[in-house]
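So that you can tell them apart, the chains are marked A, B and C in the order they are listed, and the count of residues begins at 1 in each.
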Amino acid sequence: MTRVRAAVPTLVALALALAVGVALLLVVGAPPLETFRLLVEGSFGSASKISATLLAWSPLLLASAGLVVTFAAGLWNIGVEGQVIMGGIAATWVARTVPGPGWVLIPLMVLAGAVGGLLWAVFAGVLKTHGNVHEIFGGLGLDFVAAGLATYLVIGPWKRAGVASTSGTDIFRPEAWMPEFQAFGVGWPVIPVILGLLSVLVVWMLLRGTLFGLRLKAVGSNPYSSFLLGIPTNRYMLGAFAIGGALAGIAGTVQVAAFHHKLVPAISGGYGFLGILVVLLAGFSAVWIAPIALFFVGISVGSTQLDLQLGLDSAFGGVLQGIIVLFVMFGGAWSVRRASGRLTPQEEP
Amino acid sequence: MEATFNSIIAAAAPLIIATMGETITEKSGVINLSLEGSLRLSAMTAFAIAFWVGNALVGFAAAAAVGAAIAAIIAFSSIRLKLNQIAVGFVLTLLAIELASFLGDSFVGERGPRVPPLPIPILSDIPFVGKVFFDHDLVVYFSYVAIFATWWYFYRTRPGLNLQGIGERPEAAFARGIPVNMLRFWYTVLGGAMVGIAGAAYSLDVKLGWRETLTLNLGWIALAIVIFGGWHPLRVAFGAYLFGALQVLAFQLQDVFPGVAQVLPIAPFPLMILALVFVYSDWFRRIGDRFPKMRNLLGSEAPAAMGTVFERE
Amino acid sequence: MALEIRDIHKRFGPVRASDGVTFTVEEGSLHGILGENGAGKSTLMKILSGFYEADSGEVVLDGEVLHLRSPADAIDAGIGMLHQDPLVFLPFTVLDNFALGSPGSMRLDRKAAEAELMRVSGELGFEFDPERLVRDLTVGERQQLSITRLLWLGARVLIFDEPTTGISASQRIQLFDTLRTLAAGGMIVLFVSHKLEEVEALCDSVTVIRRGKVVYEAEMPVASETLVEKMFGNVFVEEERTTVPLGDAMLRVEAATLSEGTTRIEGLDLGIARSEVVGLAGLEGSGQRTLLRACAGLIQPESGSLSVDGIELTRASYREHLAAGVHYLPAGRLEEGLVQGISIAEHLVLASDDTAFFVDWKAADARAGEEIDEYSIKGLPSSAAEELSGGNQQRLLLAMIPDEVKLLLLEHPTRGLDVESAAFVWTRLLERRNHGTATVFASADLDELLNYSDRIIVFFAGSVFAIRTAAEIDGEELGYLIGGKVRA
């Protein structure tokens, strides 16, 4: 009963978010019902669409899992986008330079992606711990640098033979493609999905059952108390950056090895920032990451159909996601305020 | 030379207006992280409204309203709902960016009204200075007013001193009878309205028309400039002009080294990181220690209560 | 003019902080509000000054019912309050602190404000440099600035909440003189304290509060025993001093120069023996914290040496000090001791030396249950730190101290605690002392220093001013030493 009641503000928030979405559609003169039908159909309407949605789900899971770790350490890892990109770049480098069969190449690409994302994240971490630059600005700056680097590589050193275009590098040789598993007439992204779900599981266990996770939470809540308790706080913060960055980097590998099969300038697919929304909506806990990420990625994938079918800008998906997160945050805060009564602390100060 | 300085002043104007707004907001203790989103949505709104009505001024008013509304959401959710300002600000950033793309889709490529140039008579005839500072339009003149008014308000008025108090130690300000949360709300809204005006300047003045890449991610840069400026209006303005100069310089370099074009949009960001490393370095702190009289200008301390929630008990 | 407080009620959740408080104070009187920590004095005063709104009841000043919804209302009505920690703006100048929040025109005329500051402070006999940063003032000077400001704003009722915390003996004498002058000038002065001797020395009349209720009202003088009985509900027997024979040297500091901020302690030689308790006395910020932080390894000596139990620690890091058996407990329990959002059980896991990768939560909960019993903590293993009261937070911090600590460094170990918790804390600390732990603690409470220390080190203006054994010093002398004076 209390569980049901606890869900009420969230449900109300979702309903309100939906109402705002409908209102926006009416403003631009789009048919709301048809739009939502297309959203669902575009993401779950057929086997191939479900497969595409699952393929998009995986990097989002990886990025979100990594963000749960950095958030636990009290860090705003806005640099996650750049970490996904650097993972993609590192994996592309392996795909382009290392010879060998797929069973060697793919693990190497995953490893390279992890290292690429890790280094980029630790860079932002060192700027924070040793340069006093808040991770929001360090991370954000590095996001744009990574995006610039990807563009530079695509039109420069790694350009397609003869043409320098922002449409991407040459397609990888088949050994560098993550294998799909055929069923129901389409290929299924089994490896990416396993990587994604595994990352969520590992992060959940790390934070729930280990001393590392407990210390990380302590550092995130009160770095100075933690330091006095004997926890090397800088090392733990950098550790959180490293884990978060490695997982984001693997998301980059998935993007190049399973989706694009080449490097494109917008390789991150926005999954880093979307991951932040997912984790905010999940209340910073790993438990609800998987379903929420699936819901969000469904909106993202489905909304690409809107442009084709209704001539509606696909940004509608992003608008809907943003409104949902905002309203659910409001709903949660509102119910906390109500439960605790009007401005009453627990005890006399 | 005159022309270069003239364009630096013009290029920095929107950035000045936005950073002054954010400085006011943060000085009162609230962080409006949504600048990039606010700039874009207000730029889009300004263009759309001005396009419909055929009047740039109405566009500016609408943009100010949009910026103020986003700021009001942040202030409300922090003050009333005790939500984290960074979290709400970040969500609003993404939401406003997407909303601008979604609602502005049909305006891309349209041509709308623009702010007419308005050289100030007599003043603009002064050699060099006149051309550099007084041969502009209302947006640029507004940016001058914004700098001076913010500085004057902070350091020469009673409510300005109170404003610093609520950002520094709200419980002490409250004990002196200052309505902390009400003021924080309105200063956040005021700051947001200025960010909105800056957004309008991008679509109706600096560049004409609306497209997604219009603001070049300068909203993030503006946030960093406020830190670089140590929350002092004059130093913040200095940071904005410095950045404007780099923009103009880079633009001119483009003709000399064509390859620069690709790097151009990214160049500000490593620079931003370096600037922040610089102001927080021991070296810079020692300079500040050497001139105690100029501690407001040279200090890099954030308002102590910035980003926190004030409850009376 | 009279201040009437009529049937004030204020609840915080289940706690009745004010439970029908009624009393009257006449014009020109210096009225003491006496009660132990947590009795409800502060809540009542915050209601009077508009910080809190009362649930019910009235405040009547000069026959007029006041509507105190915010401090602005209280200031308008002429009620001013000096908070225990003066609510000033540290990075601002004296003048800006004086002018902040004052009514007047839009433009701030600093010249005029300075003239007013000089006029009012001159009348009170205070001296200020208007351009000085408040950060650089002593607590006593910050208080004087606050008094000046409140009088300038036209306060008729002045509330002083534990104003003698952290000021020197000479500043206290000056403060008491000021209070007497103000009352003699026709003001109402409320002096809130849990210190009997201060109320006895100063006040014309007294109201004793216990558990949110007025339990006693009288004109002074009243027999001390009566007041003690009313404050605590029974006659409080002062604990007998216990000592144990001291052992060999535990902490050895030789020719050490310690510096931090504006504090600089030069050429310090100090040996502390096993089982010795050393109290650090002095105004807040006189150097006690610097010495504690140096012993804890948070700052390194510029020169000289430091060792604990023969282990050389001069250049050692904080964590190496921890490993050597040094434990530091700073004053801010929730800021620099406990972690918000982390439970009692989790705190104990963090504090234990078990470094297994996976945490055995069953065992951790069981262990937390034991410690909760042992330290009588009111809470569950799953209770988060911020849900505990100050006394229970301090008990948890005690439970987190490892068993074999050689040197225990404490800052204000009983600040803000009720009598029972404070006594409990010392019982546990003395038990450790009995087992050989050397204890160094800083305190602003003279009784605590005199009761528990074997030796007292008095700091003044950032250096060691005097060292006395407990046997050769009394409260009066200690008060003088803290103020930087040697009794003639």
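One rule holds for everything that comes next: a contact is a pair of C-beta atoms (placed from the backbone, for glycine too) under 8 Å apart; a residue touches a chain by one contact, two chains touch by 3 or more.
All figures in this text were calculated on a predicted structure; none of them were measured in a lab.
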When you take the mean of every protein CA atom shown, which chain's own CA mean is nearest to it?
B
Centre to centre, using CA atoms, which chain is the farthest one from chain C?
A
If you average the Cα atoms of chain A and of chain B to get two centres, how far apart are those centres in Å?
29
Rounded to a whole Å, what is the gap between the Cα centroids of chain A and chain C?
48
What whole-Å value do you get for the distance between chain B and chain C if each is reduced to the mean of its CA atoms?
43
Which residues belonging to chain B are in contact with no fewer than two other chains?
312-313
Can you pull out the residues of chain A that are in contact with at least two other chains?
345
Residues of chain A that touch chain C when the two form their complex:
209-212, 214-215, 217-218, 221-222, 224-232, 344-348
Residue numbers on chain A that touch chain B, as the complex places them
24, 27-28, 76, 78, 127, 131-134, 136-138, 140-145, 147-148, 151-152, 155, 273, 276-277, 280, 312-313, 315-319, 321-323, 325-326, 329-330, 333-334, 336-337, 343, 345, 349
Within their complex, chain B touches chain C through residues 156-162, 164-165, 168-169, 171-179, 301, 304, 312-313
Please output the residues of chain C touching chain A within their complex, sorted ascending.
12-13, 15, 17, 38, 40, 42-43, 318-319, 322, 328, 330, 335-342, 346, 349-351, 355-359, 361, 387, 389, 400
Footprint of chain A on chain B - complex, ascending:
33, 73, 77, 80-83, 86-88, 90-92, 94-95, 97-99, 101-103, 105-106, 217, 220, 223-224, 227, 262-263, 265-266, 268-270, 272-273, 276-277, 280, 311-313
